[in-house]
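Here come two complexes built around subunit A, the first alongside subunit B, the second alongside subunit C.
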Partner chain A sequence: MAVSSIRDVEFGAELPVFEPDTGLANVKRFVVAAGWNGPRFTDHEAARKEGLPGALVPGILSQGYLAAMIHRWAPEALIQNVDTVFRAPLIVDEPCSISGVVTDIDEEAGRVEIDLTITNAKGETRVFGTAEVKLPA
Partner chain B sequence: MTETLNIDSIRTNFLNQDYDERHFELTPEQIVDYAEACGETALRYTDPEHPDFQAPPTFASSFQPGKRLPDGFPKLPGLGMDAGKAVSPKAPMRPGVPLVGRTHLHDVYAKTGRSGRMTFMVTRMEVYDPDQLLLATADTRIVIRERPTKVAP
Partner chain C sequence: MILDLHTHSIKSDDGRAKVQNYCQWIKTRDIPIDGFVLTEHRQFDNQSDYNELAREFGITILKGSEVETEYGHVLVFGVTEALQQAFDFSDIHLPLAKVVEDCEKHGAVAVPCHPGRPRVGMHAHLETFGVPDGVRIVEVYNGGSRDSEDEIAQAMAEELGYLGIGGSDAHIVSHVGRCATRFPTDIHNESELVEALRAGDFEAITNRQ
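On to the complex of A and B.
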């Protein structure tokens, strides 16, 4: 059930897991829109020639996944800040999943804090972040 | 012997001074593509007919300055890697609105561990609309693992 008010949120609540689209076509669409179009994001072979394990999901797309996950959970949420740490790259065409947990609630200010983690299919943390979000009263 | 950045000198000479300015303008198609590729489902980011149609809140993270660091900045003693990004949206970014992004060095600090010293630099772009309303800030953290230099025999 989607969250519509801060009263719906409990400390420690887990957001529904989100499995974003890391497929090549989707990443291409993103990098063109973002002005980041380049072979290291759109061409596995070219990325390997650079010494990378494959084409990379750009860090800014990982960050975009985190924001999208929050809106899927709470469509009216106003994101105040997303701080993202790129621990290791996400590889294009490799599945990943995002988990999130509410770590703080300030009901008076209408604000919640959420810790978010992106893991690959091996369960390795690749990206993590913290978001500060405002929700309606 | 290790070549290191002089953190105090960098702070004195470069911190909080704009060193780059770039202009941007978003199209509705660009916003929809960005939003849908991220997996956004909120209509204010995916439907150009929505009365509150706007760029997704992380969009400012994609804006790149023309220069990575200020002119005259000391040579980096190692490879710089993108360690993370933080974005703080303040007001909606709408399509067709001319935007200006001004970038400054926001912070620089060092951490020392078993593998040596790592220097972190935070560059911040502030995005404004034509009325100079601050729409977003986007921080990029660059980490440099300082490597030992060769010592002459």
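On to the complex of A and C.
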């Protein structure tokens, strides 16, 4: 159920797990729109020639996934910041899942903090971070 | 007693967790640890006093550090004022031999962490620098490990006869307690932690699924 007010939120609440589309077609659409159209994001072979494990999901797309996840959970949330630490690259066409949990609530300010973790199919953390979100009273 | 020996708070440059939220998380989620050690990057946090928080939540909160050497990152337990004078914690090129020697001299313990990790782990540097003197313990379970990093650490520990600890390397609240270390006795402060590590009676554990 979507969250519409900070009163609906409890410490430790889990956001529904989100499995973003990391497929090549979707990533291509994104990089073209973002003006980042380069082979390291759209061509596995070219990326491997650069010494990368495969074509990369751009970091700003990962942040977009995180924002999308938050809005699926709370459509009226005002995302104040998404602070990410990139531990390892997300690879195009490799499935990943995003989990989120509420780790701080300031009811007076209408603000919650959310831990966000992107893991690959092996359960390894690739990206983690926190988001600060304002929710209606 | 189970302690997560490797955590970071907002005092670390890449840490995003408030210590109070670690405590809330551990209690709310029944995380199977009795406490944790804050090992902030390249510094020792002399300012913060977590005693009241520890009492409020019934959780042991200790402080250490994570420094950087030519062999990669190293946890330091039992930091004293004298140890902080002995070397510059913010130096990213500390010689491991000096860290180990100074720790020995000032009643502390140095433990290379995530030793199976490329670049920042000890195993990657053995070929270049050789097996370092004085290391007795390494981190064999790290909550942030990927691929076969923990396996490399465990194989290295077995080959070189090192004891192993576990720590989550948590930088955000919900990662605390993923790995930890079990001790047979209670530990109330940093001196007792050093004593327990020197006694060698502990076991690395993982709570990862």
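Criterion: the second predicted complex is superposed on the first by the 137 of 137 C-alpha atoms of A that agree within 3 Å, B and C clash if a C-alpha of one lies under 4 Å from a C-alpha of the other, contacts with A are read in each partner's own complex, and residues count from 1 in each chain.
Throughout what follows, contacts are C-beta pairs under 8 Å (C-beta built on N, C-alpha and C of every residue); 3 or more make two chains touch, one makes a residue touch a chain.
No experiment lies behind these values; they were computed from the predicted model shown.
**Q** Answer with first, second, both or neither: which of subunit B and subunit C does A:S4 touch in the superposed model?
**A** Touch status of A:S4: no partner.
**Q** Output check: A:N37 vs subunit B and subunit C. Expected answer is one of first, second, both, neither. What do you get?
**A** Neither: A:N37 stays clear of subunit B and subunit C.
**Q** Subunit B or subunit C: which reaches more residues on subunit A?
**A** Partner touching more subunit A residues in the overlay: B.
**Q** On the A-aligned overlay, A:G123 touches which partner chain: subunit B = first, subunit C = second, or both, or neither?
**A** second
**Q** Now for A:A88: first (subunit B), second (subunit C), both, or neither, which partner does it touch?
**A** It touches subunit C, and subunit B stays clear.
**Q** Of the two partner chains, subunit B (first) and subunit C (second), which one does A:N26 touch, if any: first, second, both, or neither?
**A** first
**Q** In the overlay, answer first, second, both or neither for which of subunit B and subunit C A:D104 touches.
**A** second
**Q** Starting from the residues of subunit A touching subunit B, keep only those that also touch subunit C in the other complex, and list them.
**A** In the superposed arrangement, which is not itself an observed complex, subunit A uses residues 83, 85 for both subunit B and subunit C.
**Q** Residues of subunit A touching subunit B in their complex?
**A** Those residues of subunit A that touch subunit B are 18, 20-21, 26-27, 29-30, 32-36, 59-61, 63-69, 71-72, 75, 78-86.
**Q** Enumerate the contact residues on subunit A facing subunit C in the complex.
**A** 11-12, 83, 85, 87-88, 101, 103-104, 113, 115, 117, 123-126, 128-130
**Q** Subunit A touches which residues of subunit B in the complex?
**A** Those in contact with subunit A are residues 29-31, 33-42, 45, 56-58, 61-62, 64, 82-89.
**Q** For subunit C, which residues count as touching subunit A in their complex?
**A** Interface residues on subunit C, with respect to subunit A: 14, 16-18, 21, 24-25, 28-29, 144-147, 171-175, 208-209.
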